[in-house]
Structures are given as C-alpha cells and as structure tokens.
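Each of the next two complexes has chain A plus one more chain, namely chain B in the first and chain C in the second.
Let's turn to the complex of A and B:
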C-alpha cells in the first residue's frame, strides 16, 4: 500500500471532510479551545489580570474540596447516580425503542413517540417547580391526595433516601425519549430478512427481541454506554440544583460534585476554585474512560470506541 | 494503517488548536495593552480638563452608539419595559446610547451574582452593596477603579460623595463603586399585617417570641396563610436572634456564624453556634417548626412574592419593603416592628452602583450614572415610573403612586442611585413612618467596625468549607427539621470546626485588631 500524504487524503474525501467540518469546528470551539482554561485550576485568579495574567498558586485551589471530607462523599454520590441513571435510562430507552418498533398503527406510533420525547424540551427549572408542587408537605399534590384518602401526609423533604428514586425517575422521564430515538434508528437498520426468516421458523415475539433485535443493536448499546461513562463524574447540575435546591437535609444522598462546588463558592465569587473541581472531574473521567474502553477492546474489539 | 489514520485525524485538530490558542493569547495581551494605554489617556485628558472644567463635557466623544448593559437585583415591574423605553428615548438623545436592564432574582442573587462577574460577560453597570460582597469582589478586581474616570465623566456624582462615605467605599486606595448618597438607620424587622394583629388581639411585636405568638395565631385562625413566608435562601430567624442580642455580623458575609458582641468593648470574634443560649434558640425553632409556623418544605421554596400575593402572613425584611407592602395593600394596614438591640447607620456601600471590569463602555456608563444621580427626569423614571401614569406630584410636593401594579415607587432596585435631594415623600406611605424612623434612630449605636473590610484571601478554602457546612447543617436546625436539636448542634459545631472555623476566626481577629489599632492611631 502506497503511503499517501495528508493533503491527498483531504482531496480524495473532500466532500466527507466538508460535511464533517461544521461538527469539527464546533467541537474545536466548544471543547478544545476552552481547554486552555484548565490552567485556572492552578492560579490565583483575579478578574483584572485575566486567565493568563493571574499568578500561579499550586494546589491551593484544590484544598477546600478535600478539607471537610465532603469531597469523597460527593464523588461517591456522583458516580452512583450516574451509574444508576445510566442503567435505568438506557434500559427504558431500549424497551421503548422496541415497543415503538413493534407498534403497528402509524399514527399511534408517531403520537406516542412524540409524547415520550416531549419532556426533553422541558427545562429543569420547570421540572423543579413540578416536583415542589407535587411533593411539598402542606399543599403538594401527593399529600393532598393522601389526605383525601384519610392517610397521613408524608414529609418527603426530610427523607433523603426517596430522592434517589425521585431523581432517577425524573432523569429517565426526561431523557428516555431522546435516547430511544438512537435505538429506534439502530433497530430500523436491522435487515428485515432476519425477522422474516425467524417468523417462518416459528419464533415468537420475545424470541425475536432477545435473539435478533438486542444482539443486533448491541454495538449501539456499547457506544452509548461508553459515551455516558465519560460523563460519570459530571453531575447534571441543573437537575440536582433545581430539584433539591439548598435543602441541607437531603445532601447526604443528593449532593453531587457540581452542586457541592456551586454551594461552597457561591459567596466567594472565586472562579479558580470551581475550575480546580472541574479539573479533578476531568482527570478522573479520563482515567475511567481509558480503563473501560481498554477492557472492552480486550474482550470485544469491535465494540470499543477507539 | 489504523494508527496512521488516527494521526491524520488528530494532526489538524492539534494544529488548529495551537493556532487558535496562540491567536487567543495574542488577542488577549493586545487587549489588555489597549486598556492600559486608554487608562493613561483618560488620565491625561482629565488633568487637562481640570484646568478648564466647562470644556470638559464638549470633548467627550459620543459619536459611536453604544448599548449599556445594566444588572439589577429583584424582579422588574410589570411596566418596566415601558419605563425603559422612555429612558431609552432620552438616553438616545443625550448620550447616543441605549440601556438594557437584566435582573438577578431574589431567590438566586447569592449564587448568580458572583457568576455574572466571573463570566466576563460585558456588563456596564451593576448594583453593588455589602450584601452582594462588594468588598471581596472589588479586591479580586471584579470592578473598575473609577476615581479617575469619574472626574471627567461623572464629576457631580463624585463631588456628592461625602468624605466618610468615600473612605468607606475605598478598597486599597481605589474607588470601585459610587455609593448612593443616602443613609438611614437600617434594621431587619418584622413586617406583619395590622388587620390580622387586630383580629388576633395582638398589640405589638417586640421580640422573637412576640413574632412567634403572631405566627401561632395565624396557624390557628388563618390556616390558608403561610405564617412566615420564608424562602430557601433566607436561613431562618438566626440573624434575628443574633441582632436581638446585640451581636454584629463582623464579616458582613452570608452563611457565616462569626459575630462580635457590641456590648463587649474587647472586640472579640466568636462563633454563634458556640455561644450561650443558642441551644435554647434552636430548641425553640424545633418547637415552632413542629407547630407549623413555616412550611416543612421551605428549603426548596423559591417563591419570593408570597406576602404580596396573600399567600403568607408576614415577611422578614426592612422598612423599605414595609412601606412598599403597605402601599400595595392599604387594606391590610401592614405594620413594621423592630427587632435588633442596636441599629447602625447604614454603611456607604449599603447601596451603590459599580462598573464591572468587563465593561466595554465605562465612560458612557458613568455618564449615565451621573444622569441617574443628578438629573431628576432620569432618576424619577427608574425610581417612580412614568409621570401621569405611575405617579403624580401633589401640590405639596409629595408623590402619589397611581398604579402600584404597574410600577411601585422605589420598588425595583433603584436604591443604587438613590439621591436624597431628588426623593419625594410618598403620599400614601404608612402614617407612622416617622415614628418608626425615630424608633430606629433611638436604638442607633455608633458602629466602630463600619470601616472594617475583611480580606478573605488567606482563608478562602476555609470560608468555602464553612459556607457549605452552614447551609447543610444550620439551615435544617433553624427550621426545626432536626429531630434532636442538641445532637444537631453538636454535629454542626464539630463540622464547622473541621471546616476550619478556628483558623478563620484567628485570621479575622488578627485583621480586626490591626484595623482597630490603625484607627486609634489615625
């Protein structure tokens, strides 16, 4: 094979490169260029000196994170929430993709897909208001219902453990429509002949799902899994902040890195300290994704990301 | 093959990244250079202009149209856009500029305000005050030093600032904000409904316990009302408890428990959670919380209009909020009762306006601020609304509000440019406002710490940790959500110690002692 230059590559595939260009530019603009800001984590930031002019201060900015021992708790919470959300939302998304795919009525199919997709467009701020109005002790929907059934009202805002489920539920509710689109697309790309052959052989619907659909979309499942693993140390700040707010009673189970950092620094206005926390998240994420990807490459080389 | 593919993919990425980075760096340094040379220029011209004051205005270049971006705290009036259009009409003519006003809500100002300054978004004017951490933000270079610029662009405002206000505002020898030339004896008190008081047979609220009686009566007689109407960021009655004992929040910082006892001449900083009586207070709060004096879900409540919208029976705030509420609901006969043992003359930076360092048009911003502070027509618009629609001036030169729904006088963060000589007494303001002001003045005490502006830099890690601990452990105690206050307080104290409260107290005591020593000699 003749080794060709970089320019040749571009000329040969110029249409493809052109098509990829907007996305590449966007990634550059949003993900690569700001990466220079990482140095902030090691600086004593002043508004007037700017990112590059401020003085270095070593690991000073990381101290607050581990000082009070909360750093480890919130790291644990973040990871557990992400694993739980990853498992539930992917599971529901796959189920919904299969259901929708099996539906026969054209209009019913479209309508249910749209309804499931809708929560994706609702901002967390609004969801936070929903949650407060459903669960608050005095006037919430839940307690009003309980009271009308002559049952004792429950004070969920002082019961930390239920929030794990509430958060998990709302996370799935919001994302499931969006994620399922990816799976629907991947199911549609399965060769229809497989299903026809299975039908002739007398396979029932469950057998088709478990022996054809799921194995065929497994590469997509792995990719989605890997992509989400990369975010495992990022708490969905909007979700946690809007649903939980400043409610200290619930922090033991609901505090994630992002909300903890936000709350610690809200009065200080220092931006180098949150940068340090972000840096910590990124480094851990990088390690995790390298390890997981490495493991997958060992066992199922075709499904690894890189 | 695979490897070389990867390389070809990454090469352009890395290359363009390098280019972009160097481009950025170059730009940045260029910018800052331009800035500094600008600063030099202005200084030069001001010096020249000082010789001939009358010529000063004419050499200001207004040929380029600019849009001024102003941030205020609260939420806008229904008719704010209408008023803003009016302002813009005038501003276009006078300064060749337009004004955009953005709002930071009450429930979130503590969080959003520092983010705004950190984001680098070009903001030309922002409300600044002690309770938005003016001093620590200024130390970190969030605001532009305006002492030189103001000589040329806002000379009248600069001259208005009295020497003691000037020194109070100064940080490290620079003026980072224009304090509103206005003071009163401030106090956070109890704003309650007079009609309900009468109904319950209560005559006055003189302390926290009286307030408890009021809330108790609300629970018993008007269960549809939330007795206290508090929101997630208020933190309960803790500050009320502290100030009723004559304690002074020496760090003027939210979410810190460090106080000085005003009756104690030795100026010793102490931790409120380790002081005598705090346990009894928390026990009382537990009792009150159980009795339903406030919602069990307060910590997630962000509704800051509960009192005005008749969802709650009281609100904890200052006399200005009281007169606003009084006028909005005359039939409620809203009353204001004092709480603190001592009142202090409000500090210079109780209210003020600053030009953030990110401003692209500091000159025009200052000129606009000058108009707001000295030109009645501008000040009236943003303070009282549109004449004839929102207010009218009576024959005896008082202000009558016409449309409180549309634009209530003084209700929309116009405090940053309050000008005493432009203000009107309001016709429908509470009849006992004079008595309240007198009562406030009667409790006044000379505040020896008014000029003390702590520098948190050496203890910023500890401050962050303490802020976090206070929110997590003291808020629930203050609302009586913790089953056993005794245990809760122990946890709180140990967590705060672990977070470094003692280091903060030692450092702050050092700074405070140095401040007192410097003041004595000076």
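Let's turn to the complex of A and C:
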C-alpha cells in the first residue's frame, strides 16, 4: 500500500481542513504563541527590547523569587488552599448529590437543586460585593448583628487566619452546586436494579449509600481529584482577588502564586519575580499531571485522563 | 408528618424505617441549610440596597432594611449613562463573542468527529495540550499589549474567551450522537463538507448549541478579569468591571454625584454600591430559571466524557 502523505490528505479533505483552521489559528494565537514568553524567566526583561531582545540572566530571577521568601510563601499558600478547597468542596458536593438524589419530594428536590446551583452563575465581582457587604468593619452585616446583640464589633481585616475559612466557604459556595450536578449525573447512571435488590434484602438508606452509591461513583470522585491535582499550583485568581483584593495585611495567609504574579505585573512593573513564578508554576503543573496520569495509566488504565 | 403518626400508633417502629427516617431528617436539614446559605448573601445585598443611607451609617447593613429607601436606585436611574454604556459593552462582547465562539467551536468539533478526517486525534490533542501547559498570564499580557497592541481594544475582551477547550470537547460529544451515516450519505449525494455541517449537522445539534452557547455567554457576561488587564478607558468598561471599579474607588460615585450636582455627602454611596450590584446581577437571576436545564445537560454530557 502506498503511504499517503499530508498533502494528499489536504487535497482530499480540503474543506475539513479549512473548517478547522480558524480554531487552530486562534489557539495558536492565544495559547501557543504566548507559551514562548515562558523564556522570560531566564531574562532581564525590558519593555523596549521585547521578549526576544532582552538579555539573558540565567537563574537570577529564580534566586530573587525564592531568596526573598515570597516563593515559598506563595507556593505553600497555593498548595494548602487547593487541598483544603478540593477536600471541602468535593465532600459537600458528594453529600448534596446523594441527599438530593434520595429525596422523594419532587418540588423540594427541584427548588433546592436550583438554589444550590445558582452561585455558579454569579461573577466573582458580585462575591466581592458580598464580602464587603457582610464583613466590612464599619457597616458590615456581621458587625451590625454583633452590635445589636451588644457585642464588640470585630475587625476581620486585621485577623488573617479568619480569611482561610471565608475563602474556603465562598469556594464551596460557588462550586458545590456545579460539582454536585456532575455527581448526580454519575449517581443516575448506576443500575437501578442494584438498589431494588438491596431494598428487597432489607437494606436501609445508609447501607445503600455506603455500599452501592459511593463505590459506584468512586471513578468520578477519582477523576475530579485527578483534574484538581493537575492544578494544584494554580490559584483561582478571580476568587482570591475579589475576596482579598490588595489588602496587604492579609497576604501572609492569602497570597497565592496567581495573585502575586498579577500584583507584581500591574503595580510594580518589575517582572523578574513573576516571570520566575510563572515558569515554575507552568512547568511543575505540567510535570505533575504527566507523572500522575502516567502512573494511573499503568495501574488503572480506565481512569486515566489521556 | 403522617409517617410519624403512623409510627406512634404502631408503638414500635421497624428498624429499617427508623434509620431511613433519620437519613431523611439529616438530608433535608443539610440541603435546606445549604440552600439558605446560597441565598443569604443575595438577600443581604438586596436588603442593603434598599436601606436608607443614614440607617446604614448608623446600624450597618442588616438582613432586613432598618429603614426602607429607594434613594440609591433613584440616583442610579437618574444618571444612568455609565451603567447603560457598560451594559452596552457587556451585551456587545457577549453577543459577538458567543456567536463567533459557538460557530468556530461547533465547526471544529464536527471536523474532530469526522471519522474520515485522518488527523482528528492529533487535532484533539493540539487543543487538549493547552489545558495541560500554558505560558501564564504574564506572557499573554505582554503578547497582547506589546505585540498585538490590544490595550483598550474591545478585541482584548473577546479573544481570550473565544475558544474554550472544555466546551469544544463537550460539543464533540453532542455531535457524536448524530449518526455518521448522515454525513456519509450526504457526501455520496455530492454535498460539500461545509454545506453538510451548516444544513444537516447544525439543525440536528440544537440542544448542544444552546448549551455551549449559554456557557460562552455566561463567561463573557461575567468577565471582569480581561477588562482589568487590558481596559483603562472607563467608557469601555463592561458591566462587571464597572461594578468592581466602583466598589474599589469612590471615583465613579463622585462622578455620578458631580452630574447630580449635589454635595457628595448626600449621595448614598453605601447603598449605591449594592444597588449597582443588584442591577448587574439582575439579568442573570431573571434568565436563570429558564436556562438552568441547559447547563445541567452540558455538565452531564461533559461528566460522562470525563
């Protein structure tokens, strides 16, 4: 058989190639070309010289980033927040999915599911307004309630540790509805006969949940964790920025790689540290996802991502 | 309630039923609390926007308005220029971005789904790779601002969200449910690939188009991040970013007060911020009940694909 080349394919399926072309060019433009910017991590960037004209400076940027203590701090925060948020939001989503699925009242089921899904549709800007609305010192709802109970108002903006809980809460608030929809879909695909058989054998709901539902959705849980492990060094910029903003007092416990990069970019204009941070974040994320996926492909090939 | 009475009458309750009742009590309580927590921030927001300015200064934002007032909305509607302009920008980028994004996404998804397109798996990986590795916001920013000169250009709001790889994969799943024989037989009848896509595939994948279109529309409508990066001209602010900048600085408020030619003190800044948030979120809350099912569908399809 003659091996048919690329040019033959192009001639044969000219229209199909043309149809895929806009998306290919777009992704080249907005994703692939900017990847070249990753070399900035090893350069002393000057705006007038551009990405390629600027001079190389070896590992200076990395030294600067880690020696200043910033590197470790933002890395630690990013990883810890991701683990905490992943655990809490998945746990709540699984609980809500199981509970909603077991409900008999059709109307209650529908309304509560809609309400819990609603926050997904709200932009982080509005969440930023909520935070201001509830927690600001002078007029926030929290303090006005405390005052009406004759208690002293609290200034949360000088208590960094509280924000760990606030961030964790709003992360779950935003994502639990979304994630539970995925889990509900997964529960609905379980064979109904399993439940019927268990019922005939006299199993109660707890037993059905622990011995049928949870084992059956475990591949979905696994995939959700896998997807998130690949993002463990990526902070949800929109969330952190809207909840914390540029409040320097809280950075020690709330600054993640993405907020740090952004702030350096827009405020100081000195991109040595953010360039190093970006490189380190992108490369490590890629390595982690490749290693994890490779390991899974060896042990549980059905659950691998690609 | 009836169950309870029945149980009391019997005197003793069978074990399984008692356990199931316990489960139901827990599940209804947890879901109700979750639903209330999801709605509470909205309630506090709306309440604050309808509260009299002096009452807020005195008592703070409450769960119900301590003194009812329409003042904030009255001022917003009296001088609506900046809000109307921001609405215009948001509608513009949402309509244009969604239309182009949806068209390009579905066209590419169709090509990726054609069995006779030899490079369909390579093409899929070309897109998928960008979710594993990217150059980070720093390089994208420099590329957009220095090389494409997009600062203050509407394109900078449209381009970054134009193609979403996750939506592309979901769209391919939708299209794959259409039998291949439709494309094949049309091809035998002499139809061109593009005509097959436009005249046969698009009409058959309406639910997929609605779903993915809404996902894109939501992303554009809620975007403030790209505006913060690339837009400095207040006339080009989309709605969410106008809201954000209003909350960040008193500047926008004072601009309104100048137009109102009143002393800044008498402008209800505290309730005005919240009223703006209500106006920015309003459209989403209004369309939410009718579009929710498409998002559930999209997520379900996406979840099955993994």
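As a convention for this text, the second predicted complex is superposed on the first by the 214 of 306 C-alpha atoms of A that agree within 3 Å, B and C clash if a C-alpha of one lies under 4 Å from a C-alpha of the other, contacts with A are read in each partner's own complex, and residues count from 1 in each chain.
One rule holds in what follows: contacts are C-beta pairs under 8 Å (C-beta built on N, C-alpha and C of every residue); 3 or more make two chains touch, one makes a residue touch a chain.
Just so it is clear, the model here is predicted, and its values are computed rather than measured.
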item	value
Partner chain in contact with A:36 - chain B first, chain C second, else both or neither	both
Which of chain B and chain C A:195 touches, first, second, both or neither	neither
First, second, both or neither for A:13, with chain B first and chain C second	second
Chain B versus chain C as contact partner of A:281, first or second or both or neither	second
Touching partner for A:222 - first (chain B), second (chain C), both, neither	neither
Partner contacting more residues of chain A (chain B vs chain C)	C
First (chain B), second (chain C), both or neither touched by A:50	both
Partner chain(s) touched by A:205 [first = chain B, second = chain C, both, neither]	second
Partner chain in contact with A:138 - chain B first, chain C second, else both or neither	both
On chain A, the residue positions that both chain B and chain C contact, one per complex	9, 24, 32-33, 36, 47, 50-51, 132, 138, 140, 245, 262, 265-266, 271, 306
Complex contacts: residues of chain A adjacent to chain B	1, 3, 6, 9, 24, 28, 32-33, 36, 45-53, 60, 63-64, 67-70, 132, 135-138, 140, 155, 157-158, 244-249, 251, 260, 262-271, 273, 306
Partner chain A, residues of chain B touching it in the complex	1, 4, 6, 8, 11-13, 16-17, 20-21, 24-25, 28-29, 32, 110-111, 113-114, 117-118, 133, 136-137, 140-142, 226, 232-233, 253-255, 295-297, 299-302, 357-358, 456, 460-465, 467-469, 471-476, 481, 495, 498-500
Chain A - residues contacting chain C, complex	9, 13, 15-16, 18-20, 22-24, 26-27, 29-38, 40, 47, 50-51, 92, 95-96, 98-100, 102-103, 108, 111-112, 114-130, 132-134, 138-141, 143-145, 147-148, 173, 176-178, 181-182, 185-186, 189, 202-206, 209, 220, 223, 230, 237-238, 242, 245, 258, 261-262, 265-266, 271, 274-275, 278-279, 281-282, 285-286, 289-290, 305-306
Sites on chain C touched by chain A in the complex	15-16, 19-20, 23-24, 26-28, 30-32, 34-35, 37-39, 41, 44-45, 48, 56-57, 59-63, 104-105, 107-108, 110-112, 114, 116-119, 123, 125-128, 130, 132-143, 146-147, 159-160, 162-163, 168, 192-194, 197, 218, 221-225, 229, 240-241, 243-244, 247-248, 270, 273-274, 277, 280-281, 284-285, 288-289, 292, 295-296, 299-300, 302-304, 306
